[in-house]
């Protein structure tokens, strides 16, 4: 009855043009690496800032879109990574650029015990519960006089380097962080683990019955997301040099991540990319309008969520089949079915 | 076919139904006359529940696919359809766990249709419910819960009662008790469509019978005249 | 110590009022309103605006209530109803967007300065219970209102036809439709009710202390903690949760002003760890 299985078939990912895009991306990255040689310093600083927004959004997207966990508290790990970097740099004499990576790792490790509490809640309550946890972090550091308490402090560990070198190095580290974050997420999602993640997101019970360890998968995503957030946080304050609990643990980070991902589409890699570009453009032109600008962002997010549930990019993907980072699998038959 | 045209209260014409992209019903033609009892039988997944849900408005269909007393009602909201006089006793009872027995019954009167059915009459039909009226509906046995589900549908004073697998999960004695109440329910001219797993029960309780197989009508006829072989063939298909 | 507990309980009364609206909306619709706290602040500023436009301050305080009812009904019916469904993301994002819009709209209109609602001295009146112990009249009033509200909500849910509809729709929206209920309308009525509670909470907060545009999120977290600690599905539980939060915070404040809110958060997280279902969950 079923002749199809008798044939050969293969599983393909991507189309011909995505290989072209990959080549293009490599060229762009190499070109970007040369930026410090010819660009103004403000460009580099802007890139670092946007890189932090992007990485944070990418990781938030991984957690929410693929892990199915919407968190309003990822800023906890953002700030934790930042303060770790600060403490290591200011008090232990570790090179802040190296401390960025350590900040990420520490955030990732701390997320493990945090998950014990956070995972007690689901859905909307999980979202707000994580916010409470972030507030605990914020208040704790605000009472920590060694790092300046509520007023915050400055990163002194980079005092020895001249401004130009510091900015170049920060820029290159930021570029490295961006590329590695995309690479980590992309490779992870293309792997079997990524497929498992999609299964869990769609139907956890069915996934469990297929032998997928739902609990440990969710933890894995939570940890990776925390690591990324910590990385972004540490990077941001290497670029900014001045840190405070209100800045490091602000819920605005998650708000912007939500915005970027909602505009760009959730559960897709290119979503945060599109979203952060749109966000950057909007802030370039409209952030002078202060409260009105933020109101506009809020209204835009409401409008997009109501009418374009998959985000603008998701809409494009559905309508025209576009895909920059193909993680979908298509079954391609190598020969026609027998009669 | 066996009825004068003017006696038909509900008919469906080429009824199709989908769950997302998956098609469950492929064009069902069905008709029932006033006060008739019709059974729908078929294997699991044949589309029997889907058909009742489509009639009740829980599954969306084209407007012209369902006609009730001369009006096309396909695609209407369930709350509108119950107001027109069709009531569904859903598969698996689906009682409200947070409500007591009486409260569950009272929910049935939300559609505010006038008629002979009220709490008092229901308690006469199913006395055990009066005894347990203030208890949470979840504390009742399966058979008692089925009585509540039927009662809840009756409270809307329907003209056509749709029953989805009344006997599911119940002991034979309990099934008998419930079906014994059916004549009194339909005594005043209420029609009933019974989806039943138990074929002989279905044949006994109804005048006409439809058999569904993979979303299509594979057999229809007068219940008492259909043979075991005919039904078997229609049930399982070729 | 007794004074501490008393202050905690009184504070708990206010937190209960913050929490009841949240509890109601989640109970009926499984909807988490991230803008909950911002609506509380909005109500307070609403009362302030009405008073500024010439209305008698006490009349203004009462006038926000019907406005809140209408606003709640419309917000649910025309915005939030679209976000309901299995996926919690749309409602979270939309309410988060609302939160940002409200905060910034208030900021634009009123500036970031904290303000309070004119109470005519009510917020300083106190009542001497014993020689050494006295309590504020306003906090007692707030506690009374909180108890009344909890009682009222419980009564509505258990004894009225609307309450029965709320419970049915919360159990099974599909079958509720089958009964003839218009779930869109029921949801909107639930939110309308919740918004009235929110308005009451906002006005009382404005009377008791100051309100500023950015205060919303903190109030949301307090309301949330009260609901979870109390146990889901029970308004008396929410009251208990509010009390627990109030007492905890007062203890924390007494140790050091910077640790009050922090203590509340920590107790909340600890309770989540050892008893995630809360103090008095409704068993089904």
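Here are some notes:
As written, the chain order gives the labels A, B and C, with residue 1 at the start of each chain.
Here is the rule we go by: contacts are C-beta pairs under 8 Å (C-beta built on N, C-alpha and C of every residue); 3 or more make two chains touch, one makes a residue touch a chain.
Please read all numbers here as calculations on a predicted model, not as lab measurements.
Annotation: A-C is the more contact-rich of the chain pairs B-C and A-C, by number of C-beta pairs in contact.
Set against the Cα centre of chain B, the chain with the most distant centre is A.
Of all chains displayed, C has the C-alpha centre closest to the centre of the whole protein C-alpha set.
Centre-to-centre, using mean CA coordinates, chain A is 52 Å away from chain B.
Each chain gets one centre point, the mean of its Cα atoms, and the points for chain B and chain C are 44 Å apart. Separation between the centroids of chain A and chain C, computed from CA atoms only, is 33 Å. For chain A, residues touching at least two other chains: there are none. Interface residues of chain C facing chain A in the complex, by the touch rule stated above, are 26, 30-32, 34, 79, 82-83, 88-94, 96-101, 103-105, 107-108, 217, 220-221, 224-225, 228, 258-259, 261-262, 265-266, 268-269, 272-273, 276. Of all residues in chain A, only 64, 70, 72, 116-117, 120-121, 123-125, 127-129, 131-133, 135-136, 139-140, 142-143, 251, 255, 258, 262, 266, 291-292, 294-295, 297-302, 305-306, 309 touch chain C in the complex they form. Touching chain B in their complex are the following residues of chain C: 161, 164-165, 167-168, 170-172, 174-182, 284. Taken in their complex, chain B has these residues touching chain C: 56-58, 77-79, 82-83, 87-88, 90, 94, 96-99, 103, 106-108, 110-112, 138, 152, 156.
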